[in-house]
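Lettered A, B, C and D in written order, each chain numbered from 1.
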Amino acid sequence: MKFFGFVVVCLVGGLLLYGTADFPDWGDPDSPASTHLSDIYIEHAFEQTQVPNIVTAILADYRGFDTMFETAVIFCAGLACFLLLRDFKERKERFYRHVPTGVILHVKNSKKALRVGRDFEHIDKDWIPSDLIIKTVCRILIPFIQIYALYVVAHGDFSPGGGFQGGVIFGSSLILLAISYDLKILVRRIKEKVLGICAAAGVLVYVGIAAICMPMGKSFLDYSALEMFVFDPHHVRALGMLGVEIGVGIAVAAVMAIIYINIVSEGRHDEGL
Amino acid sequence: MGMTDIIPLIVAKYNYWLFVVLMMIGLYAMIAKNNLIKKLVGMNIFQTAIILFYVSIGYKSGATLPIIQNVHEGHGHAAIHAADYINPLPHVLMLTAIVVSVATFGVAMALAVKIYQRYHTLEEDELRMRLSEK
Amino acid sequence: MPWQIDMIVLFFVILCAVAAITVKDLLSTAILFGAYSFMMCLLWAVMGAVDVAFTEASVGAGVSTVFFVAAVFRTSRRTKD
Amino acid sequence: MNNYPALIVIAPLLAALFAGLAVWIEDRLSYYIAILGLAVSSFSALKVLIQVIESGTIQYKMAGWDAPVGIEYRIDLLNAMVLLLISGIALFNLIASYKNVEQEISDRKGSFYTIYLLFVTGLLGVTATGDLFNLYVLIEITSLTSYAMVALSDKDRGPLASLNYIFIGVIGASFYLLGVGYLYMKTGSLNMMDVADIIASQHDSSTVLVGFILCMIGVWIKMALFPMHVWLPNAYSYSPVAFSRVVAPLMTKVMVYVMIRLMITVFGFEYIFNTLHLSEAVVWLATIAVLAGGVLALAQDNLKKILAYIIVCEIGYMVGGAWLGNQSGMTGAILHLLNDALMTFALFLGLGNMVYMLGKVKLNNLQGLFSRMPWTMTGFVVAAFSIVGVPPTCGFFSKWYLISGAFEAGAYHFAAALIISSLICAILFFKVFEICFFQSSPDLQGQGHGHKFQVMAEAPVSMLIVSNLVSFSLIVVGVFSGTIVKTIILPFLQGI
């Protein structure tokens, strides 16, 4: 296999290098890629969409159709992970910790479950006492991370960022909660059902905003059809983009959490990092 | 050809050559590595190398970030020159490509976990042995 | 933009890539992979692709690495190559 | 405003999302949502096809932006036909699949239908789009959904087959993306028509050449052309039957469509056949693919795998036909694209019925099938005849065009391969029929009823109706082949 790999790599690499012979220089301002469509976008994006970040303008408007499917890809990944790993059977073995004394009990028969309350808590198999410093720091950090995520979504029109990045950051704040405390706390706070609905609903916000334009007499995704719904018709495209970015953010945050929870608990949603 | 001629040539093209090298590292890992997770890492290197390639296409010397400056000051739209801003289109395409690659990566990781649940190994030769035993 | 910076970062990117696929422990691979993604993100930031760099920083160096560690946690660190 | 072109793709996408929401409310709802979505999509596709035949190519601007700046849907005769084919097959398969899904994945029905709809959305989008990058994103949707499906069914080997499929699929899609990047480097555009206009003046550029080769290799990997076919048999035989019935006829055909689209619209015959001199090599590759697919099919003992290798063989037909470089060859390839999708669908419908009733479809499980499942077998026999190329089934006519194209081009080896592979298919299917017809089922034989009467154990009516309807359509399409060629394919080829 190593030899075969080497031969394939040499062949493909040779082909690719042969192709680079005719490339324009790196950073050449007069290369076809930097002059043909790029100029149209740079010169007209702000005037047509009122969004200073040209990348966002192209992402959510000129090529918003791509981005819609990109969100669908993310939804699909979340669904695939759920479908592949989710296992509704409960583990047979359980571990409990007697809180006042710290004694750990190993219950092998799932029918003899202990009642979890003030005396006993349900713990993971590889349980280690959680660190006070990590817990406290994360508890302080998580709200700020989430606010930052919202800022990234909302400010995507003016600065780098947007729905996808914001969604990932929000999702990682949820993951941080699971890592610093316990997976059970995350699963208890945000039910699987909520995550599942958010993932589909986020994409639906995008497709919905895009589809409403059709009965309004414009083509799919043409935000200018939404003028009557917004308070500021001059910025209708920017507002439409904000709407779809929020949808993307919701979907991405939910999917990131779904993937993480399913991988780390092997689909059982009970214990994990 | 003296040194003065070679350096501009290298400067003009090295980015593309190194992207090919990086991509081939990924491809080699995908084909030749035995461990499935290593192969996945190779896959990701392969994909990011393509993203690097696209981002390199978009680079324009002497230009700045593709975010229009001073929008709140100037009321007219006259002041925007295409030569001042980097080509934004490859960036948009690559945002999509990154999303696609992370989606694939997540699904692949889920599969790796599932394979391990079943066979308790991620080495390809051992997997092949387990499969032929049945 | 000085191409020297680009070249140095690119060198580190390739170094991290080679290290990530040769090291014989999957948890180390995960960390090197995170480093690789972050170097890549720097490279793109140098080339002015701030949006892409931002995404890579949050996805490649962030969430992907977390998925990776989670998967290694549920499988094994052992690898033959 | 004529919104039908967008509706073809959007209706299944919306349905997928609603089905994904319905999972959390009531699982059964998702099936009806799926039916509704695909019905709307098929209806729109029919409308669009009629419009295109009447008034020519339709352009639909997404978000209202003009072509090279925004993404456009550009629907001409070829993709209008393929769109109707995809949405129709997806709809009929869904009708036939209700019971299969109940049987195989009853606990995750809702998620299954969601994934199914997303997959169909991807296929439809790939076919409708006029933008090179949009094509990539949609290919990824179809791939991601099929990875999930392959891993789902067969608990034992599924995940490993799926992971290998991911590796190959990612390489294929990445090569395509890289090819698009090389083209973008030289053109600065992503719209197919626009790219075609610009590269018309850059035929001697090595970058365009490498871009072309990369795109082709990517598409070939995705369509499982012979040396790159390894993923296909495993992937198709491990996925749930309701899914393999749609992925087997459509996935590879859509990739063939992409290849033809790239050849005709983006690069142009002038570039491919006059500037490059690759066509002979590719026709040889196709010849080898045809023969190898046939031989490998002979070596299998599982009906699912046999059918999978027949697909590998059929792909060789279409690739070879498209690369012959003459009108008959291209006509044959396009007609075969339509016919082969229908034939494979009919075969897999029969297979689905068998899987539903028997569970396993190794060849020795099939004994006595003619008396047990006569209706299923009727449909299956017609489909098999069509694969072999018996007139008046449609398989005959497309093979006729392909062979005459091969003679025109002087590619006698390709013509010979076509005929040999038809013979191989004939042998193969008669082997299957022999088992199904003459050997009676062992577990029933020993029961000592005195007479050789066997209990009929037929699949549910909904499945039978669909499978026989599709098999009947093979004959109808065969009879009307001339009309299809005259109203759709020839005007399309002349309009280039």
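Here are a few things to note about the model shown:
Methods note: contacts are C-beta pairs under 8 Å (C-beta built on N, C-alpha and C of every residue); 3 or more make two chains touch, one makes a residue touch a chain.
A quick note: this is a predicted structure, and the numbers were derived from the prediction, not measured.
The chain with its Cα centre farthest from the Cα centre of subunit C is D.
Centre-to-centre, using mean CA coordinates, subunit B is 30 Å away from subunit D.
Annotation: 38 Å between the Cα-based centres of subunit C and subunit D. Here the CA centre of subunit B is 11 Å from the CA centre of subunit C.
In subunit D, 133, 137, 140, 144, 147-148, 151, 159, 178, 184-185, 190 are the positions where the chain touches two or more neighbouring chains simultaneously.
Residues of subunit A in contact with two or more other chains: 16, 20, 23, 26-27, 31, 33-35, 37-38, 41, 53, 55, 59, 63, 66, 70, 73, 76-77, 80, 84, 160, 164, 259, 263, 266. Of all residues in subunit C, those that touch two or more other chains are 1, 3, 50-51, 55, 59, 63, 67, 70-71, 74. Pairs of chains in mutual contact: A-B, A-C, A-D, B-C, B-D. The residues of subunit D lying in touch with subunit B in their complex are 133, 137, 140, 144, 147-148, 151, 155-157, 159-160, 162-163, 166-167, 170-171, 174, 177-178, 181, 184-185, 190.
Chain contact summary for the complex, subunit B toward subunit C: residues 11, 14-15, 18, 21-22, 25-26, 29, 33-35, 37-38, 41-42, 44-45, 48, 51-52, 55-56, 58-61, 63-67, 86, 90-91, 94-95, 98-99, 102, 105-106, 109, 112-113, 116, 122-123. Every residue of subunit D that touches subunit A in the complex is listed here, in rising order: 1, 3, 6-7, 10, 13-14, 16-18, 20-21, 23-24, 60-65, 68-71, 108, 111-112, 114-115, 118, 121-122, 125, 133-134, 137-138, 140-141, 144-145, 147-148, 151-152, 159, 178, 182, 184-190, 198, 205-211, 213-214. Taken together, the subunit A residues at the contact with subunit C in this complex read 26-27, 53, 55-56, 59, 160-162, 164-165, 168-169, 171-172, 175, 179, 256, 259-260, 263-264, 266, 272-273.
Here subunit B touches subunit A in the complex through residues 11-17, 20-21, 23-24, 27-28, 31-32, 34, 56-63, 65-69, 71, 77, 80-83, 85, 87-93, 95-96, 99-100, 102-104, 106-107, 109-111, 113-114, 117, going by the rule given at the top.
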